[in-house]
Amino acid sequence: MMTVSLIVFLIVALITLGSALMVVIARNLVHSALWLVLTLFGVAILFGLLQAGFLAVVQVVIYIGAISILIIFAIMLTRRIASDTGPRFNENWGWALGISLMMFAALVWVIVSWPGFHVQAQPLDARFEPVVELGKALVSPNGYVLPFELASVLLLAALIGAIVIAWERKPEGR
Amino acid sequence: MQTQDWLFVGIFIVLAPLFPLIALLIPRLIAPRKPNPIKLETYECGMETVGPAWVQFKVQYYIFALIFLVFDIEMVFLYPWAVSLNLLPFYAVVEGIIFVAILVAGLLYAWRNGALKWA
Amino acid sequence: MTDPINLIAEWLRGLLAGWGLSSGLVIFIMTLLGVVVTAAFVLLMDVFLVWVERKVVARFQDRLGPNRLGPFGLIQPLADVIKLLIKEDITPIGADRVVYNIAPILALATVLVLWSVIPLSPTVLGADINVGVLFIVAAGAIGTLGIIMAGWASNNKYALIGAFRMVAEIVAYEVPMVIALMVPVILARSMSIGEIVQRQTIWYIVLAPVAALVFLITAIAELGRAPFDLSEAESEIVAGFHIEYTGMKFGMFYAGELLHALTMGALFASFFLGGWRGPFAEQVPILGVFYLFLKAFFIYWVIMWVKYSLPRIRIDHLMEFSWKFLTPLILAVVMITALLDKLLGEPGTLIYTLGMLVANLIVVWITLTLLRTYFRLERKRVGEERPVAAPDLTPAARIERTS
Amino acid sequence: MIPLSYYLIFAAGLFSIGLFGVLARKNAIAILIGIELMLNAVNVNLVAFWRYRTPGMIAGQVFTVIVLAVAAAEVAVGLALFISIYRRRDTIAADQIDLMKW
């Protein structure tokens, strides 16, 4: 049972990283977005493996169902530059590659030298209901009620802002 | 019990694409295959295809997807709220109503600005 | 004896354990078998649906429908399948081959996956995950993506426009649908569909008729069936996003649509009509499956009834109906339900039931009054005399005057 | 079971790939996609730490949900900006949007 979950993890992680790489190097932007969907799905499966079922499902609903569709719509609206011509990288891509690799090496070094490296997961308490707990935490005054309401304000600001920016008002309103 | 349920769902997700895949592979073996350039043209009611398929879309599509995204996120916050509602005191309902009211203000803004009108 | 499915499952479990397999492996094999049996059953049902659809539409249109092959034309769908299988498969020029081929698979698979969380009977195996409701939404999200992929990869204007329209429609109706599903979640205090069915001693359609109606409307819109069939408005964009698909690939979209309709029926039954609940269902679990499918087919029939009776709605009306009517309405209903749930105490009591029902009726009445006022004003506005851009003289008279 | 470090290394990899996308891609939408990858890597870390270090508390999941909301808001406004820029300047290549340089 233990090795099975390890094998599943390795397969999913490799596919996810591979498709993340494809996201970055794909020439066609629509392909890039579709690879992004696969990456996000892989991350959702990892959430499932971490026994955060709610977050796994939410990841699919929000990222694949809404954000990637938004991205694809935006690509379609700005079609000319999404075509296959021209270089996809800017002239500094060598530097970028170096910085990213250094970043990765540094992160791995930090993780490896950290004493909690081989921590194993404790089994979850059977009575622990993440969704119920989440609901309680989001509205209780000594929990996260402020972030909860602020998220609403943030979304409102994003909605109004995006409409103001993207929407050309027609003269004959409403 | 929960783990076994997730196992069921996981196997289902892996197997579900296999059934249509098999159904699509059978025609490869038995269906005829005689392509010619006219047959492979994209279909445009019998006319010759004009221009690229990538026509210009209006920004309305983006606006609707945007409002959808905002309400989708709202749902992520409200579903846990709905599940644990009976365990919480009365103020939780009020907080939920405030949360929704703020978002409805956004919807009203879009409405007043004509962003909801498909024209 | 009353529960044959679990009897067989127990027997198999014993047999496998007898062969000396480890308990983990036995669980895995049993789950795998469960999945295969469920999926095969659903797919078989899908083939049967082709016959149902054709027969019922024929009856609505005063025809006979398939009646040649087998009794009542029951073997007709098999002939259809064979026809689809031996048709030539065409991939148009300029199509993105990989994406083009993945799209039909997604179309059917995402619908099939929904059946993993629908409780078929009190005991039949299946998954009862604690986020069932959201799982349905998630599967729908991936299905939407399949539509975009089909439209984009076909390299066809109509396909792309059809896909975009369809996605805009799904996106618009997903919002009220997701919010409507919040009502059963509040009533049942759980997101697992099994739990929601379990708690329905009184069907939720009594407690939440408005939410049920909104769910039905949005479900039809989500399916893209008439009167919401913008994506394949024949007179405008030929066939919509699957215009370039032939043979079995088209068959996948078709089968996906039919199965989706039945699935929506099963979901509606589970959320609002008590799922597998019915007389003696708890004593004889196999009856539960029967009740569930009875209810699911009833809703499926309602969906067909709507489809073959109503004309197509214009796209601007359709969008405004969702954003300006359904979404505010259902948000109000959810908030009222939450409020009343807190005020009325424990569910199951007479006061609770009556309170919910009366509240819903009041909401309906207020909505109707508002609509009536709005349309009265609108009629007045349209009926008013408006400035007409007509010349005060006819051209002939003008020439006469100038000359 | 899987040790915590596997998840952390996976997240580091995802983060670095996203970073490369942000730094190297020309198209503004591709840059935004790169940012999405980075945010996802952060989310993987948050959930992994929740599961392995504080499984009895809910804070990790709350933070993940908030990150989700912020990511959505960022994408919404970002893409709106690109659409607006595209309408005015007919390009969204990041190295050509340089009016602010002077």
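Order of writing sets the labels: A, B, C and D. Residues in every chain begin at 1.
By our rule, a contact is a pair of C-beta atoms (placed from the backbone, for glycine too) under 8 Å apart; a residue touches a chain by one contact, two chains touch by 3 or more.
Computed from a predicted structure; not experimentally measured.
Chemist: Comparing the two chain pairs, does A-B have more C-beta contacts than B-D, or is it the other way round?
Modeler: Higher contact count goes to A-B.
Chemist: I'd like the Å distance between the centres of chain B and chain D, where a centre is the mean of that chain's Cα atoms.
Modeler: Centre separation, chain B to chain D: 21 Å.
Chemist: Please report how many Å separate the Cα centroid of chain A from that of chain B, as a whole number.
Modeler: The answer is 17 Å.
Chemist: Could you tell me the distance, in whole angstrom, between the mean C-alpha positions of chain B and chain C?
Modeler: Each chain reduced to its C-alpha mean, chain B and chain C end up 13 Å apart.
Chemist: So, what's the distance in Å between the C-alpha centres of chain C and chain A?
Modeler: The mean C-alpha positions of chain A and chain C differ by 28 Å.
Chemist: Using the touch rule from the top of the page, what residues of chain D touch 2 or more other chains?
Modeler: 65, 68-69, 72, 75-76, 79-80, 83
Chemist: If I count partner chains per residue in chain C, which residues reach a count of at least 2?
Modeler: 129-130, 134-135, 164, 167, 171, 174, 191 - these are the residues of chain C that touch more than one other chain.
Chemist: Would you please write down the residue numbers of chain A that are in contact with two or more other chains?
Modeler: 53-54, 58, 61-62, 65-67, 69-70, 73-74, 76-77, 131, 133-134, 136, 138, 151, 155, 158-159, 162-163, 166, 168
Chemist: Mind listing each pair of touching chains for me?
Modeler: The set of touching chain pairs is A-B, A-C, A-D, B-C, B-D.
Chemist: Quick one: in the complex, what on chain A touches chain C?
Modeler: 1, 4, 30-31, 34, 37, 41, 53-54, 57-58, 60-61, 64-66, 68-69, 72-73, 76, 129, 131
Chemist: Quick one: which bits of chain D touch chain A in the complex? Just the residue numbers, please.
Modeler: 1-10, 12-21, 23-27, 29-30, 32-34, 36-37, 40, 43-44, 47-48, 50-53, 55-56, 58-59, 61-62, 64-66, 68-77, 79-84, 86-87, 90-95
Chemist: Which residues, counting only chain A, touch chain B once they are in their complex?
Modeler: Within the complex, chain A contacts chain B at residues 48, 53-54, 58, 61-62, 65-67, 69-70, 73-74, 76-77, 79, 131-136, 138-141, 145, 148-149, 151-153, 155-156, 158-160, 162-163, 166-170, 173-174.
Chemist: Okay, in this complex, where on chain D does chain B touch?
Modeler: Per the touch definition, chain D meets chain B at residues 65, 68-69, 72, 75-76, 79-80, 83.
Chemist: Which residues of chain B touch chain A in the complex?
Modeler: Interface residues on chain B, with respect to chain A: 6, 10, 54, 56-57, 59, 61-63, 65-70, 72-77, 79-85, 87-88, 91-92, 95-96, 98-99, 102-103, 105-106, 109-110, 112-115, 117, 119.
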